[in-house]
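One structure is given here, and the rest of the page talks about it.
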Amino acid sequence: MLRFLAFSLRRAWQGFWRNALMSLAATATMTLMLVLLAGFWILQAGLLAGLEFVEQKVEVVADLRDDAPAAEIDALRRRLLAEPGVRSVDYVSKEEALARFRERLAAQGEEDLTRYLDENPLRASLEVKLADPRVAGEITDRLRNERIVESVIDIENLVDRVLTVTNILRMAGAVVLVVVGLIVLFIVVNTIRLAVLARADEIEIMRLVGASDAFIRWPFVFEGAFVGLLGSLVTLGLLGLAAEPIGRFLFDFFRILPLQLGSLARDVAIVVLAAGLGLGTVGSWISVRTYLLR
Amino acid sequence: MTMTISPGSGVRSLKDRLLGRPLPLPGEPRAVVRLHDVTKTYPNGRTALRDVDLAIPEGDFVFLVGPSGAGKSTLIKLLIRDELPSHGSVFVDGLDVARLPRREVPKLRRRIGIVFQDFKLLPRKTVRENVAFALEVTGTPGRRIRPAVDRVLALVGLTNQADQLPSQLSGGEQQRTAIARALVHDPRLIIADEPTGNLDPLIAWEIIQLLLRINELGVTVLMATHNAEVVTALRRRVVALEEGRIVRDEPRGAYHHDD
Amino acid sequence: MLRFLAFSLRRAWQGFWRNALMSLAATATMTLMLVLLAGFWILQAGLLAGLEFVEQKVEVVADLRDDAPAAEIDALRRRLLAEPGVRSVDYVSKEEALARFRERLAAQGEEDLTRYLDENPLRASLEVKLADPRVAGEITDRLRNERIVESVIDIENLVDRVLTVTNILRMAGAVVLVVVGLIVLFIVVNTIRLAVLARADEIEIMRLVGASDAFIRWPFVFEGAFVGLLGSLVTLGLLGLAAEPIGRFLFDFFRILPLQLGSLARDVAIVVLAAGLGLGTVGSWISVRTYLLR
Amino acid sequence: MTMTISPGSGVRSLKDRLLGRPLPLPGEPRAVVRLHDVTKTYPNGRTALRDVDLAIPEGDFVFLVGPSGAGKSTLIKLLIRDELPSHGSVFVDGLDVARLPRREVPKLRRRIGIVFQDFKLLPRKTVRENVAFALEVTGTPGRRIRPAVDRVLALVGLTNQADQLPSQLSGGEQQRTAIARALVHDPRLIIADEPTGNLDPLIAWEIIQLLLRINELGVTVLMATHNAEVVTALRRRVVALEEGRIVRDEPRGAYHHDD
């Protein structure tokens, strides 16, 4: 068994270098495809994080009567926090509301109209941030029935629109990733098949001198695995070099935090290695099979 | 190329056919190769062998002769299961070749040393590697490979060319490489398809001497050849094919000019 | 010459079908790569159109003194229109400004503060829409020096930011397109090279029986062109099937108008055909050359 | 395999060398093949030919003999510019082979009909297509190809196998396909490397008869062979190589057993 392994590995190594041109061509193809795959994986991860960020922004705002007692407000606040799907509930006083309003106008370059006001027309409010945007409707309804609540801005429409868009984007991202994955699968298997095809004679001769299927198959499979491994490592090397700009891009564009970045890097490394090894191995297995079945 | 059916072979095959008995009688020497009523028709409709009956006892040295296209290589391909018979049965060293499960085929081929008419060398391996290859792929321990390879290379006179690629060899050297590969694993049966076609008479004779010596050690040899001189000089068993039929089977035959 | 052409085409056709497996593999690779290229081309075109749309939104707004005479306003308007880089100049009256402000607040779900106002605090203004956002600074300066102009909102910062972002996106798009183009080039040439490699014997024999280089090269080149053509046609077929959703996507996402869509479709068709034919032809030319040079 | 330098060849090559004259004297028959002081050392350091001088006048029929590895195929490869000489000059049909610009090489090869020792057939083309191929790739009009191919296939006895692939042929049939391809464009010089190695004596003789008949029509024939019987029987010119040197050049030679 050990001898068989040693033999297969040695043969794989020799096979790789004796057809160096072809092997390197296959490796280069593998690398490019893995870069493509990793790129899309990263984009997809960024997209998901970005969408989550957007969804977390969904909040239900209940304006409170000016005469609402602080105790009741606090009680309502605590009841809301106990609801499933609610992430946080913040109390915003009348003064705070006005300050924020001024800030917003300024940020948008609008005229500061508040200076023409005699008194503060804004209401204190409870801002309910949601962990799950789907509960927005329910929370809105419940708040409307509260005595101390003056009005709740109807955001159901908005929530629906956000959810539709994010779901479409999620699906589109997954579809694109699957399509890219299939392209990668096809191209890599195809390249390996062409490389094996060029060595059909070798397989034929091995069969004729009495090599068992295992002795024919495994060197090729290891060679494919080797191509895959090399491709993965080169890909990871390239990604490593590009890690900083990628990280900045993800942070700026999709608001992925450094913490999440670490786990994304780990995921990508795993995906690239698994895809490289898997494709190389399976590709050569399939390619050799054609000859062994005859 | 007239049909000259020698009475001897006709009677024997007839008897065999009547008794329908592919296995040897007790007391008869064990037949290493036994074809029973074999017909081979290729998918394109060309029939290369017709009703062939043949038994080669252990230790025999048999020349297979016959004109180009008579079916010699086809017969050899049946023995190593490179092709399957359309009809009839083929036994090699006790294995029912036609009915052998696929995964047993390597076992069969390892018992045989085969010299192919077109050499079938790996173009990207040197002479030494080509010969060693036959041992490696059948799982021989590494340390036993080197000495065995060196020995057969010396035997066929290729020690100096050991590190050349087939494309850097003369035709005769390629053929000797093929012979070395067939001998390297000490097979009990050697099947050689035209092993001297590209050799000058001197080396051809040396190769034949080599096969004879190996035969004397008890190894059975089946050799397809057009080399009339050798066949006639040695007076060994000659099986002659013509248009797919055995037309002559003589224990001490010669090469007739209509073969 | 005609006989040579007929011979080459016939041989190319035979070559394609005699190695059907390999040819179809090459064609499939070609198709996938062209789809990839076309996809990125479309995205890039969409991105460019989208960016242009964003840039056209850049405008300089000059608030006018309440006492500015209509004649002077009109004169200023006409002078601005004559400036290079200015697309249009719109006069917005005080009432219109207030109406728009109300709309904006409503759209953002903000409190309508205007109902607490006694008089209209907003100013009439001139909105200068720019064809070229880079002139924003200059226009702003000129407006500041006008007598009838009360103030000009400083948008230079904003314009700079927009320009930076759009330029980065433009460059990123171009870089991605070039990278994808190189990947496609490499993979296709590689695939064809592997296919030719498997037929090195054939080339060798042709040379030995005295075929001139042209007789060896052109059948292969035509075969490559054939693979490219077939790949292009399949790609265009696929894109044709997907034309409607693609068009809708481009319209919704990048605000590409149907008119622009037509010219984009034409561009894509040309790119796909040119890339397919070019890659197939050049790929086999390069691959065969290796053997002819020896 | 002793070194027997026949005086004739020694003197002639010496004279040639002293005069340094690769071209024939006026009045001498035009030499179709002329090697002058040729040495060929392969990149791996193996010297396959040493100081070879050889002239073959138009219309000659020459056997090239010698043991395996003597350099016969190498000499032939030099003639068709498959290899370049390390030293010396090679003229074929008036063309200076070693100095021929690359784009002129096809012209040279079209004047020659070559039978390769390893056949070099295209595995994916039928017999007919393989033979037609040599005409097609040299720009012969389509309507002239079919009859020419049918004629040579009949000549070598492959009419029935015309639509088979090489893998479906016997070794001898493959060899005959290679011969047919070499003949199909009516070359003025035929170079055959071991064209009867895989043929039974009968067909071998037929092929030789064919080459003789073609030779009688004025075509020059150079044939490397180990077929002692044929060489000895025909009493044509024999050039013997040994370890890369011409050791014998007799106008009416035989095959000696040390060749």
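By letter and in written order, the chains are A, B, C and D; residue numbering begins at 1 in each of them.
Rule of thumb we're sticking to: a contact is a pair of C-beta atoms (placed from the backbone, for glycine too) under 8 Å apart; a residue touches a chain by one contact, two chains touch by 3 or more.
All values reported here derive from a predicted model rather than from experimental measurement.
Of all the chains, the one whose CA centre sits at the greatest distance from that of chain C is B. Annotation: 63 Å between the Cα-based centres of chain C and chain D. Chain centres here are Cα averages; for chain A and chain D they lie 69 Å apart.
Residues of chain C found to touch two or more other chains are absent. Not a single residue position of chain D touches two or more of the other chains. In terms of which chains touch, the assembly is arranged as a closed ring, every chain touching its two neighbours and no others. Touching chain pairs in this entry, ordered by label, are A-B, A-C, B-D, C-D. Note for the complex: chain D touches chain B at residues 1, 42, 44, 46, 65-70, 72-74, 117-118, 161, 164, 168, 170-173, 176, 193-194, 197-204, 226, 228-229, 255, 257-259.
Here chain C touches chain D in the complex through residues 3-4, 6-7, 11, 18-19, 201-202, 204-213, 215-216, going by the rule given at the top. Residues of chain D touching chain C in their complex: 80, 82, 103, 105-110, 112, 114, 116, 120-124, 133-134, 136-139, 141-142, 181.
Chain contact summary for the complex, chain C toward chain A: residues 21-22, 25, 28-29, 32, 36, 101, 104, 109-111, 113-114, 116-118, 121-122, 153, 155, 158, 183, 186-187, 190-191, 193-195, 197-198.
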